[in-house]
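Okay, so here's the structure we're looking at.
Letters A, B and C mark the chains as written, and numbering starts fresh at 1 in each.
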Amino acid sequence: MRDRLFITTMLLPSMVLLVLFYGYPIFDNLRISFTDLSLLGMKKGGNWVGLANYRELFHSGEFNHILFNTFIWLTATSVVLRLLFGLGIALLLNTRAMRVLRLAAVSRFALLIPWATPPIVAVVIWRFLLERNGFVNDALIGLGLISQPIAFLADIRTVWPSIVLIMLWNTVPLIALSLLSSLQTVPEEYYEAAELDGATSWQTFRFVTLPFLMPAILVLGLMSVFWSFNNFVYVWLATGAGPGTFTNVLATEVYLKAFVDFRLGYSSAIGMVMAVVMGAFGILYLRLVAQRQLEETL
Amino acid sequence: MLKLLAAGLIASAAIVGTAGIAAADPVTITFRFNDTEQEVRGAIDEFQKQNPDIKVELQRIGWKDARNQFLREAAVGQGPDVAHVAQVWVTEMGDAGATLALDDFLQKDPPPNGFADFAAQDLAHGKDGKIYGLPWTTDTWAMVYRTDLLKEAGIDSLPTTWEDMRKDSEAVYKKTGKAGFGFPAGSSASGAMWFLANFYWWSEGKALIVQKQDGSYALGLEPADVVAAMNYYKQYMDGGDNPQSNLAASDAHDPAIMQALVSGNQAMGAMPPNTYKEILKAYADANPGKEPPFASGPFPHQPDTKSSMIGGRMLVINANTKHPDEAWKFVKYMASQGVFANFYRTQFPAQNSLLKQIDFGAPLKGFAEQFPFARTWGAYASGPVPIGTLWNATQRAFGKALSGQVSTEDAAKELLAEIGKQMP
Amino acid sequence: MAATGSRHWRDPGAWRLIVILLFAVVTLFVLVYPAIYVLVGSFRPGGGLLSSTETLTFRNYLRIFQAGFGRFIFNSLVICVVATAVSTALSIMAAYAFSRFEFRFKRTLFTAILFGQVFPWIVLINPLFVAFATLNLINSYVGMILTYTAFTIPFSVYMLVGYLVTVPKSLDEAAIIDGASRWQVIWMIICPVMLPGFVATATYAFLLCWTEYLFALAFLTQTELKTLPLGLYQYFGDDYVDWGAVMAASVVTTLPVFLLFLPIQGRISPGRVAGAVK
């Protein structure tokens, strides 16, 4: 009984805040998605249109393209690469060699820089670095890899990799630092025991390090998927969803419909669809990948 | 006798006292001005000096978000008393009930030269005919040129037709290797292709949205017209005189384009006066003492057609304001000749009488020449489809066409179909 | 087993050192060069973008501070520090409950917290704005702090649960048998051991608040309440962008983060953690 009270006290403040800040707007959005509310008509309110917004969304020719962009490029590619690079950097920073070279502390400091840079500044900087007379082109030409400058953010062959690059620069530090924290909780004896058993580096990694990191990787992976899927700023600030509509993703579509076309009802419908898609993904993810982890930990 | 005196003293003290209190209670109004503060600081200080009972609090929001923010706030009873808005927003804001109708004020307390003196009046009216904003500043776009690059390419006069412009741009590219007409060909929602496309159509006497005799609105273009504009600009991309990387630039003030003009890597550009002034300033900073090799000229047009837009800003009064009279006083003051002459020098006033009094200076001559051949958005703003939507759709269509993602015929058809869908 | 010897099993050989050095240098360069670009640009007129002058000047910084940037720093600090503190505290509480107890709805609540994140933020703005306007929370520190706390809790809780489960429940139970209350367990046992995890979580929360733009834009319209990202975005004008100011503002926005976190980062020492868990 004592425990019950304790648990409630521990959970209540967070739950209350979440209900107010997530629950209420979500329900309001659900309501709005069935209307044709416009930003210009906020005082009057919108008219009920039922599922018209949703029907329009699914029948719009662009929907598949936008979905592909959001799923494959914005989310899958960036998250997988993010985890790989984050893991790599964390492992790098944790090696004894780094301490010998006295680079560990400097590197941790260096990781803070991209992370603390606001997205708009990150995009602005990289837009300049990727310009036709910017650093990246100069370097590539100097190294003899290309002969003509590449318009990274304008060429449809390179625009998505460029956007992903910017996202990685801004988000890998978080992954790296989190995994580094986890890595540092691995007790030394495990490594010593593995060495005594004659394990190779790869085996040590696979059977000692990785299990320790799994919970963190799964958590970060899922969270990264949510953030990336819903992300708006990177695509918007880098290319404005262009060239044409090539890099349009769901979140930029929401922005366009809500704040350029003023169609709040329609954009709420898109928002709900995004939430449902992510919800479904989350459930699948937990069921297939993280179920065991969750059960063990919870 | 003493009693009378005492009573008189007390009475007068009371009167003076209350009068003093009434005078000492300043009304505070908020003014949201969306460019840099120093442009209007002097004017505001002067206003507060002249009106000690009114305090003006300055606010600021970037232009990209100014409209949404104001609409949101007005809908819930908040927002600044006086707001600095784009002239094309006023009609819809008035209709949405976000701004106060100014007709009463204009009748009782009109500006010195009367309302008729203001440019862009058509955009200040709501659908109910009432006036919802006071035009404040105006500007237009024009072409700017690097005279030294033109000379190097053997061109000694500024182009006056669209074909000449292309020929000159090509000549510069072929003879000097530098970019010719480097325009931002990007497709972001509020980019520059919208302007360039419309200027091309207007110069031919056509327009995307027109208002017919009977007051209804219609599309004023055939697919062939759109294709013509797209093909025209695509020439620059295909010929290389507009570098491919400009597909990633959407604003006239894109830093890469500005830098190209400042450093002499580009010969021609299209932009509003403020951007041009920044370029001149950057050139002067980098080359102190040298005469800036720049000139400006209007977009090609025929004697009876327009080829640029009269853009501008208006001042509106929030419908929720608690101090309408003070707000109007401030608005009237800010639109007065004194303010433009002494304090607010970075923009052109939206009153014809005041415009005539300005000396533009040699590099900006092109803008002065453009004004008589510029038109307001007119039917675009008062029509059924929001300008933002038209803008966004046009940007995307041109983006697809110029980048080669789709053929110009398909892009043109798509654009007209999409807009047509939203017309009643 | 020689526990302390000068020949540690992981002493790297020369090749290994070189390879690692190479990777490290490349990584560091990619991470840091863009920031140096901004730092240098902030001392150039026009941010060094419009012309290639080599002059260095403080004018950009003067300009932004004259425009009241100092005030923005203060606002951001107050809002973000308080929001981070509250959010981390509440998240620790919730995470502790999730990691130590079994109770009805546990799975549901946990999943609900996680799934709260599936919603794109832009769509949440309008309803919250209307609600805040009614409650008079527009243009208030309290409103922003509550907002930021609410939006950093889900990830913080998830992160913290991940950390807390690595601390065996036996530790807690041992302490309780010794007569400690739950609160004392948290304060005296969990906190010291989990400090790296807490710091990482708090860092994440702080940075999320510090660079947040959408909600600050909607909820803070009075100049003296604005936060740093708003101050930064203001320099993106309609006709031109004041690049020098943008760069200077970027540096000013990023600098305090270092000053705050550098001293703390040093406190993360693996030895402590290992020893405590033993």
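Methods note: contacts are C-beta pairs under 8 Å (C-beta built on N, C-alpha and C of every residue); 3 or more make two chains touch, one makes a residue touch a chain.
Note that the coordinates shown come from a computational prediction; the quantities given were computed from them, not determined experimentally.
Trainee: Out of curiosity, which chains are bumping into both chain A and chain C?
Mentor: B
Trainee: Taking mean CA positions as centres, which chain lies farthest from chain A?
Mentor: Following the centroid criterion, the farthest chain would be B.
Trainee: Compute the distance, rounded to whole Å, between the mean C-alpha positions of chain A and chain C.
Mentor: Inter-chain centre distance comes to 16 Å.
Trainee: Go ahead and note the Å separation of the Cα centroids belonging to chain A and chain B.
Mentor: 37
Trainee: In angstrom, rounded to a whole number, how far apart do the mean CA points of chain B and chain C lie?
Mentor: Distance between chain centres, rounded to whole Å: 39 Å.
Trainee: What residues in chain A touch two or more of the other chains?
Mentor: 42, 128
Trainee: Where does chain C touch two or more other chains at once, residue-wise?
Mentor: Within chain C, the residues that touch at least two other chains are 49, 126, 233.
Trainee: Name the residues of chain B that each touch 2 or more other chains.
Mentor: Answer for chain B, listing residues that touch two or more other chains: 72, 75-76, 255.
Trainee: Touching residues of chain B toward chain A in the complex: what are they?
Mentor: That would be residues 68, 71-72, 74-76, 92, 95-97, 186-189, 191, 243-248, 250, 255-256, 386, 388-389, 391-392, 395-396, 399-400, 403, 405-406 of chain B.
Trainee: What part of chain A is in contact with chain C in the complex they form?
Mentor: 3-4, 6-7, 9-11, 13-15, 17-18, 20-22, 24-26, 28-29, 32, 42, 89, 92, 95-98, 100-101, 103, 105-122, 124-126, 128-129, 135, 169, 173-174, 177-178, 181-182, 184-185, 187-188, 191-192, 195, 215-216, 219, 222-223, 226-227, 230, 232-233, 250-251, 254-255, 258, 264, 267-268, 270-271, 274-275, 278-279, 282, 286, 294, 297-298
Trainee: With touch defined as at the start, can you tell me which chain C residues reach chain B in the complex?
Mentor: Touch list, chain C to chain B: 45-47, 49-53, 67, 126, 129-130, 133-134, 138, 217-218, 221-223, 233-234, 236-243.
Trainee: Quick one: in the complex, what on chain A touches chain B?
Mentor: Going by the criterion above, the answer is residues 39-43, 127-128, 131-133, 149, 151-156, 239-246, 256, 259-262.
Trainee: Per the contact definition, I'd like the list of chain B residues that touch chain C in the complex.
Mentor: The touching residues are 32, 34-37, 57-65, 69, 72-73, 75-80, 252-253, 255, 258-259, 262-263, 271-275, 278-279, 282-283, 285-286.
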